[in-house]
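Consider the two complexes below, in which chain A is the common component and chain B and chain C are the respective partners.
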Partner chain A sequence: MNAIVETGAVGKKYGRQWALRDCTLTIPAGKVVGLVGPNGAGKTTLLQLAAGLLTPTSGTITVLGGQPGTSPAQLAKVGFVAQDAPAYARLSVAAHLRMGDWLNPDWDGELAGHRIERLGLDPRQRAGSLSGGQRAQLALTIAVAKRPELILLDEPVASLDPLARREFLQSLMEVVAEHGTSVMLSSHLIADLERVCDYLVVLVASRVQLAGEVSELLASHHRLSGPRRDPGTLPANQEVIEASHTDRQSTLLIRSDGPVLDPAWTIRPVTMDDLVLAYMSRARDAETSRRPGLEVVR
Partner chain B sequence: MIRFAWLQARTQTAAAVAVLAAAAVLAAVTGPRLLHFYDTVVATCGPHNDCASVTTTFLSSYRLLQVILQPTLLVLPALIGAFWGAPLVARELETGTFRLAWTQSVTRQRWLAVKFALAGLAGMAIAGLLSLILTWWFSSIDQVQLNRLTPGVFGVRGITPIGYAAFAFALGVTAGVLIRRTIPAMAATLVVFTGIRLAFSVWVEPYLIAPLRVTAALVMPTANGPAATPGASAIKAGDLVVSEQVINAAGRVIGANGGIGPNGEIGIQVTHGTPSLRGVGACPNKFPPLGGGLRGSGGQPPADFNAAVQECINRLGVREVVTYQPLSRYWPLQWDETLIFTGLAIVLAGLSFWQFRRRLT
Partner chain C sequence: MIEFQLDAGSGVATYLQLVQQVHQALQLGLLKPGDQLPTAQQVVARLAINPNTVLKAYRDLEREGLVRARPGQGTFVVRTLPRTDPVAQARFLASMAEWLRSARSAGLGPDDIEAIYRTAFRDCFAEGVA
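Presenting the complex of A and B:
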């Protein structure tokens, strides 16, 4: 499998604070990868490391076979749309495209022009007066027209209204369909990712909790409900991710290699939302139980 | 990258060119008349004319323009540092646009190198051109005032402004990289540049080449004011006097600027009928009887008393040591100053590149 992003215990420290620590993951090529996790999980840091904006404090990161940001050729292979899609407020849309043309050897001016036209942006308008959605589209246009192999997007739709959000993701999907570009985007809105991603990475406190093809993940996870019982009595190939019990009933979210055969269970499929939340809360519970709790002193 | 750096610098370049053009037009309109006035009237002023009043009239011509043009080169380097240097990196960091700029297919080292070189050289060129214009415009006035070596004038003529511009610009970039915020970086640039420039012109500039030294007798001030500078034959008009110290027979410094002691006065004290020079010692010579007191005709001490004081000064071996820079060293001093500031600029450039690599990843 050829990986687009591969990290080996990568870490980044700001002052004394670790923003990302011991993060190991492999992301296959040709996918639209959703990177989910709570705030502070290290999503932005990971994406900026991959874009070459940051250099790791420890560990290694390889993007498309090279060290991020180290050479013009490496930079040309990766398109980056930063959080809030920064743009030069005083430069026009056209000037931004000229910048793209001048700074990128493989710049596709025709593609950029078409996109701007289709989006209905006035090339003479200053970037400072664009709406958030328009600015995000401009940033995406610049990232796409440099014809990269991988586009990284950091919370691209977080600050957009629902309509702009849908339009943005739609145009992202068009790009993927047309050029077969690999995409990795972070978001904490699972609904958005559900629409576009075919690969999911759940990152909590720098650690990868879950990674895999969305279709496989959804097929291998089930929500079971039935009479109350101890989760420990389940077959060995069924891993409990989340369990909740009432007096008489148990509801479990399990991961299973094979089909669930026990007729006592009512089996329902899981949504991506269920999955992400289950893995995030499991990680959080593990984190809390690792800390020493309060003890009653007699 | 060069084209993009140019695109980003359009506004500031336009502003600088406008300033330069305004100065050029003003100078072109008024300069020839000023030079003509000098050539025809002031330079040819012979002993039978009233040269003093001619000179005064000449110096007061275009007074307003003089007042406007003189400080432009004083502030220009500081402005280049604050408005070109400081925002170069700081504004990108502040607005987040560095994430856009540094993810194009140009390494950030190259990005900084191109922007640094382009804006820095443009700043130096603008300072140099403005200095060329002003040096030409003020040439006749400087010829009359003979003050080209004084700190206020030395730094706004010739090639020194180029060095200041380079230094201020590099200082601004460094401040921007270290502080990461535009306005504080601009303020820091202005303060530090002004401080260094002032300190340098007072404490370093006169000593860039070891000043010449001349030792001569200390001459009493006359009724018409201070005595002529001693060693007047050595120090010519236009030379810059760096220091005037008064020393005693042993060579120890006992005063400055033609006076003795902290108050800088020459005082005679009479104790038990023996006159002594205050701060030095008893006078070996005899003084004339002071029948009418110290106040002679016209409220001044009598002439024979002054002669006795002068003799006392001479016989006690009190002399004056003057250090000075001759005007003939003008260009060597200009080169030294310019090269030092350009060198400082290169050091700061290295520092900013290093910090840029180290801190911003």
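Presenting the complex of A and C:
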């Protein structure tokens, strides 16, 4: 099986609330996967399910061919960096690495040492006094030195300044280039994801709205603008994701499996930003119309 | 060795930007047969982009017959592109400038002119239909 993460209608419920629902994904190996969506959409839940920190309420999840978190061998295959890159504030950088060595059978001490040196971190420094960027790099070092096949990162760059963010992504991409590690990371920063990701998953309201290879998604979506018309008159192979109209003009974002031939349209390519926003607002609109109670109150 | 730059706002796919920069470097004579392209690691370490993007760009260049990957060594330029003839370039620049002046004196503004240019460009290269 050549999938890093495969889920079959997986769901996770907290009390009566679904945090993730009916999530079916097959993510091929060797990808850098970007997970996007509004806060509370289920991104962290999906990452924690894949890491084995949570067990699903329904459905199945397989990571690198095994059940997440069920055996030492399975744990060794997956590196996880939680939100805000937590570290033990009172322990030194060196102590973090020693701990990594004790806890991980395939620990690559040389790799960890090299990275710390290259980052210019003092091994004696306590983690509590590291900058946010340095702490994130320490967490990444520990995740990388266990030599996993998949690294999961929950909002790794959210709290970093632009320079630290760039440096963090550079080191992450170097790891991918050197070791062929697969990566799944969540982020709100589409500009960053655009650079690093080749697979995109958009999660909104506990459900997957869009998933696929970035290049295929960009090639199959177009922005059309032209004289006003009813989106219902489009060819059957063109699905409207987003539409806005003025009294004369229509602007659509469509998904189409073939070329758009109608000469009335001006066709522009879409960016990852366009895609994410279009699918997020479509899902939000569907969500509000599904709850008529709110309309009555208003 | 050349160094790649990225224009994040250009809307051009990252791998295409890399391909175009190699094309330009070949046309300008900055890259010659035998020269090595930066390794995927080097590009990634500089630009913080996905290594697969670099490999995709290099595969495209290889398919064009411009570069060849030597296992364990790197990717090398094997063929160059003809330099754009400077005389032809100057001639077309002059006729374009002439055309622009006449469009302006006919009352067209910069936006009109750009729209005309884009339409003509697209028709000529059949772009915009992915």
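One rule holds for everything that comes next: the second predicted complex is superposed on the first by the 291 of 298 C-alpha atoms of A that agree within 3 Å, B and C clash if a C-alpha of one lies under 4 Å from a C-alpha of the other, contacts with A are read in each partner's own complex, and residues count from 1 in each chain.
Definition applied: contacts are C-beta pairs under 8 Å (C-beta built on N, C-alpha and C of every residue); 3 or more make two chains touch, one makes a residue touch a chain.
Bear in mind that the values here come from a model prediction, so they are computed numbers and not experimental data.
Enquirer: Could you look at A:Gly30 and tell me whether it touches chain B, chain C, both or neither (first, second, both, neither)?
Expert: In the superposition, A:Gly30 contacts chain C only.
Enquirer: Look at A:Leu261 in the shared chain and tell me whether it touches chain B only, chain C only, both, or neither; answer first, second, both or neither.
Expert: second
Enquirer: Which of the two partners, first being chain B and second being chain C, lies in contact with A:Ala191: first, second, both, or neither?
Expert: second
Enquirer: After superposition on the shared chain, which partner residues are touched by A:Val240: those of chain B (first), chain C (second), both, or neither?
Expert: Neither partner.
Enquirer: If you stack the two complexes on chain A, which partner ends up touching A:His222: first (chain B), second (chain C), both, or neither?
Expert: The answer is second: A:His222 touches chain C but not chain B.
Enquirer: If you stack the two complexes on chain A, which partner ends up touching A:Arg166: first (chain B), second (chain C), both, or neither?
Expert: Only chain C is touched by A:Arg166; chain B is not.
Enquirer: Of all residues in chain B, which touch chain A in the complex?
Expert: 1, 3-4, 7-8, 11, 95-100, 102-108, 110, 361
Enquirer: Which residues of chain C touch chain A in their complex?
Expert: 6, 8, 11, 13-14, 40-41, 44-53, 128-130
Enquirer: Which of the residues in chain A come into contact with chain B in the complex?
Expert: Going by the criterion above, the answer is residues 48, 51-55, 69-73, 75-76, 78-80, 82, 84, 86-91, 95, 98-100, 102-106, 139, 142, 146.
Enquirer: In their shared complex, at which residues does chain A touch chain C?
Expert: Residues in contact with chain C: 30-32, 166, 169-170, 173-174, 176-178, 191, 194-198, 215, 218-220, 222, 259-261, 267-269, 271.
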